[in-house]
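Before any comments, here is the structure.
Naming follows writing order (A, B and C), and every chain is counted from residue 1.
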Amino acid sequence: MVATTAPPSKPPVVARASRRKTPMTRKRREALAAYAFLAPDVIGLLVFVALPMVLAFGVAFFKVDGFGNYQYIGLDNYKLMASDDQLWSSLRITGLYVVTFVPLAFVVSFALAMLVRNHFRGIGWVRSAFFLPHVVSLVVVGLIWQFLLVDKRGAISKLLAPLGLGDVSFLGTPSLALGTYVVISVWFVMGYQMLVFLAGLKDVPKELEDAAQIDGASASQRFRFVIWPLLRPTSFFVVVNSTIGAVTGLQAFDLVYVLTRGGPARSTSTVVLYIYEQAFTFNNMGYAAALTTVVVGLLILCTGLMFAFTRGGRFDED
Amino acid sequence: MKTRGNSTPARPPRSYFPILAHVLALLAVAPLLWVLVSVLKPAEDVFSFSWPSTWTLDNLQYVLLKIPLPRFLLNSALVAVVVTVVALFFHSMAAYALARLRFPGRGIIFSGIMSTLLVSLPVILVPLFLVAKQLGLLDSYAGLIVPSIFHAFGIFLLRQYYLNIPRELEEAADLDGCGYWRRYWSVILPLSRPVLASLSVLFFLANWNAFLWPLTITRNPDLRVIQLGIAGMQGQYASAWNLILAAAVIAAIPTVVVFVAGQKRLVDAMKTTGLK
Amino acid sequence: MSATPFPARPVSRRSVLRGGLGALAASAVAGPLLTACGGDDPGGDGKDLTFWNFYGPADDANPQSKWFVDLTTKWNANNDVKVNLRYIVGKEYLSGTVLQTAFQSGEGPDIFLISPGDFLRYYNGGVLQDLSPQLTAESKADYLPGLLEARSVDGKVYGLPMEIEPLAMYYSEPAFEKAGLSEADLPKTWDQTLAVAEKLTGKDRYGVMFETLPGYYQNFTWYPFLWQGDGAPIKDGKVAFDSPAAVQALKFWQDTIQNKVAPRKALGDGGGDVVSNLGSGAAAMQQSGIWAVSDMRTKAKNFKYGIIPHPTPDGGKPATDLGGWAFVANAKGKNPEAAAKFITWALGSTDAEGIERQRQWNTVVKTNVPPRKSVQQAADAKGAFGEGVLKKFVSEIAPTGRPEPRFPPEVYQPVADAIQACQLNAADPGKAAADAAQRIDTFLQTYQGASIS
């Protein structure tokens, strides 16, 4: 392949009908092109994400009865939060869930990705197998685990019976339910995160690893000094996405609703479940909106801290 | 960059990796095998712990023939495919601009886009419904498709990918007199195949399994997507679990096919050692 | 009034940002306006009414779905104002977002179904249409006592019940036989229940099963045990939950779990799903409602079971809970009067056709107790309740029943938390009852709406 070096700094004159030939044209054209490329997504995001978000947040200043009656109450919804025990309890549960789920899912899916990145016989089916839990709908996931974990008769209980644990009800015991929910979440999500890692691992040029190996680096050294640093942007992104998912995503609501509905005795009542209750059971849409702003605010804080802590995840390299 | 000396052969994985992988794969999939077995059992035995007394295809037959499952599958396929294609198109354009072009406000726009990741559907359900209603998207395929296109996840991954593409290729195109569009279309897009493959799998899946938005935006029974169809078999007090599982098995097949096809592309892309 | 408040979509690069900000600002103000005035023209003479329900038209055209479809077909053939069914998946209708999203954006249905627990929310929101003008005196008198009162405020009737669903204890004949027990061992008291359940609990089965999933249904199934001791969450407008009756009822459910004779998690749809639990051998006795008879007939017809009334505590009196859904009309809908007319025709007609229609719903396509005396007579004439389980429901069980309370969420929640805490978290029943009572009391002090019980 012909190795071309970058041409000198003066930009070439493009043989097309252009209005002016001053250097400003190129910059302008580049900017215009960029906006044109960005337009569809930006407009779409504004209309279908940003706008509803603003509307949703606007409702936080009202008392809404669910039938179209709005009553402006300023910051009262926020003041209510301070004395809302259930809210603090659900924030604690969500926090617990996040700090156990995110690292566990990260490690598991990363390990799986490393396991299946290089070709071997049957790699296609193995990758599909890891991904399969994510493919079936949550109704089915809920049903599967209900069946496996049902008291006494479930497969898991049968497996643990020799250890004397046959009577333990994982989803029915308040102290165990959250942990069980974490494990099920990891099972559900691992294939998805594995896929993201696999895509990111492609950014790691094979030559670098091979070169390192030739230089005598062991497997763990290759990992630490070649793979891990190059994977940092992807890792950062996975952690951020995982956190957001754990707080407000599919697992935070749909999965827990199907498995335990927030029970037993509120031990798996995540904050999103609580917001949903407020909005659709209690019909306090205004309060639910206010709660949402708080949760999103906390998420921003969280990701901001992660960003600062990892020095921007180094995904702005240019 | 030239390779040094003799080319190193592809390193074989450690010998136990594949065995471990197969075992883990089996474990991951074991719970799902229960679903498969249960589907082939007579209706009353769904929750009994015995091996099927009789194997039967009744459940599968019922969901394929007695309820409009094929229609639901078609609706889901239509929506998933259109959303995936359009979204990948839009996202790759946006990611290209963010990764490669210089323009004022780039930082702000990127942060703005990333911040939309913080918002998930339940949070904006009611206002989004209102917006969609105002735009005339209620109870239509457009309503199912359009709002589902815009999500920052794909933009981020594509941007990451584009940041790592060497500049030489583009600059070559530039020298050849290509405008930005040509560069994008003829150079960048073909190079994005691996990441587009992964993303298409994820997008297809997300839209195939979508439930809450289709539930909210559609009323016409003919517009139902597969998850709504499956949910329709849930009774007030006792659901027809045998049918639900049968429908879920059938519903899972297309996504598995898409995944297997997509991940094969991944492997192929990995085999080409870079852009030389 | 649906002019869009958005500014023209900007495409040029400079105004992307400006336009964005402008849109944000405009919508922040327009938001409430937008939502308040969306939707169809309220009040007046719409000619097309929507009827949202969770029965039909269903894909498999089952009998219950067919009943609904036939109902509207009949009406539409004879009336100018047409009624159009919309089928919403059961679980989503019951505890999902569809209704709330619709009402919140002014797109609510004209006719729909509600359960007693929903009544006050809709009434206090000003959404229920008074059916009294269209309800004849004859029809009104035909309803069993207490049923209409539960859906009335100040004497005005706002909903017509379509059924009565009493709760009872189901028991599995195979399970009893296997444990060497007979009909004489069927428990009549709480203590007997715990004892018998112990004999029935084995390697693969639990002796007894109550609902453990939190929700309106769990509360609904627990109330009878409270009522047996003459307790109630609210009496005469004041909280009365902190009582010995509540404490003993909470303790009873707690004991079933602590004694390991009841599971913490049910299969399938939960504690009320007899097919998945009793029917699969997971439980020997299970509390559920009359609807299970129809479910067992269709999904597990070979399974042998029986029913007994709820066991009582020492000195307690028999009690059961009477659930059942009602048709209501949206006062802010397109044509509330026509909607009311439809409802009173569909459920309250006293002519032969109307009675037959009800009889079909109550005894043929679904099994439950008819809410009207004339329908009961017609059903008896056909022998619907002549023998077996259904006979027991009507003769022994339903008469001891009280209608499901219409507590708003703020009363439901503390009770639910108490039940969950005692049943699954081994909390002290006395303290749990006291905590719940306090929360209910706090709520009652600021409550302004129709009377709760």
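By definition in this document, a contact is a pair of C-beta atoms (placed from the backbone, for glycine too) under 8 Å apart; a residue touches a chain by one contact, two chains touch by 3 or more.
Predicted model only: the values in this text are computed from it and were never measured.
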Check your understanding: What's the chain with its C-alpha centre farthest out from chain A?
Key -> C
Review point. Given the two chain pairs B-C and A-C, which is bridged by the higher number of C-beta pairs in contact?
Key: A-C
Study note, to complete from the structure: Cα centroid separation, chain A vs chain B, in Å, comes to 15
Point to revise | Distance from chain C to chain A - Cα centre to Cα centre, in angstrom | key: 37
Review point. In chain A, what residues contact two or more other chains?
Key: 31, 34-35, 38, 42, 50-51, 55, 59, 147, 153, 279, 285
Practice item. Would you please write down the residue numbers of chain B that are in contact with two or more other chains? Key: 47, 49, 103, 109, 126-127, 130, 212, 231, 234, 241
Revision key, fill the gap. Where chain C touches two or more other chains at once, the residues are 13, 16, 31, 34-35, 96-97, 104-105, 204, 267-268, 282
Practice item. Using the touch definition up top, name the residues of chain B that touch chain A in the complex. Key: 1, 3-4, 8, 10-14, 17-18, 20-22, 24-26, 28-29, 31-32, 34-35, 47, 49, 90-91, 93-94, 96-98, 101-104, 106, 109, 112-113, 115-120, 122-124, 126-128, 130-132, 135, 146-147, 149-150, 152-153, 155-157, 160-161, 163-164, 167-168, 171-172, 174-175, 177, 179-181, 184, 194-195, 198, 201-202, 205, 209, 211-212, 227, 230-231, 234, 241, 244-245, 248, 251-252, 255-256, 259-260, 263-264, 266-267, 269-271, 273-274, 276
**Study point:** Interfacial residue positions of chain B with respect to chain C in the complex
**Key:** 43-49, 66-68, 103, 105, 108-109, 125-127, 129-130, 133-134, 212, 215-216, 219, 221, 228-229, 231-232, 234-241
Point to revise | Touching residues on chain A, where the partner in the complex is chain B | key: 1, 4, 6-7, 12, 14-16, 27, 29-31, 33-35, 37-38, 40-42, 44-45, 47-53, 55-56, 59, 112, 115-140, 143-145, 147-148, 153, 155, 187, 190-192, 195-196, 198-200, 202-203, 205-207, 210-211, 213-214, 219, 233-234, 237, 240-241, 244, 248-250, 253-254, 272, 275-276, 279, 285, 292, 296, 299-300, 303, 315, 317-318
Study note, to complete from the structure: chain C residues touching chain A in their complex are 9, 11-13, 16, 20, 23-24, 27-28, 31-32, 34-36, 39, 95-97, 100, 103-106, 108, 121, 124-127, 203-206, 212-215, 260, 263-265, 267-268, 282, 332, 409-410, 413, 417, 420-421, 423-425, 427
Study note, to complete from the structure: Interface with chain C, chain A side, in the complex: residues 31-32, 34-35, 38-39, 42-43, 46, 50-51, 54-55, 58-59, 62, 64-70, 146-147, 149-153, 167, 169, 171-174, 260-267, 279-283, 285
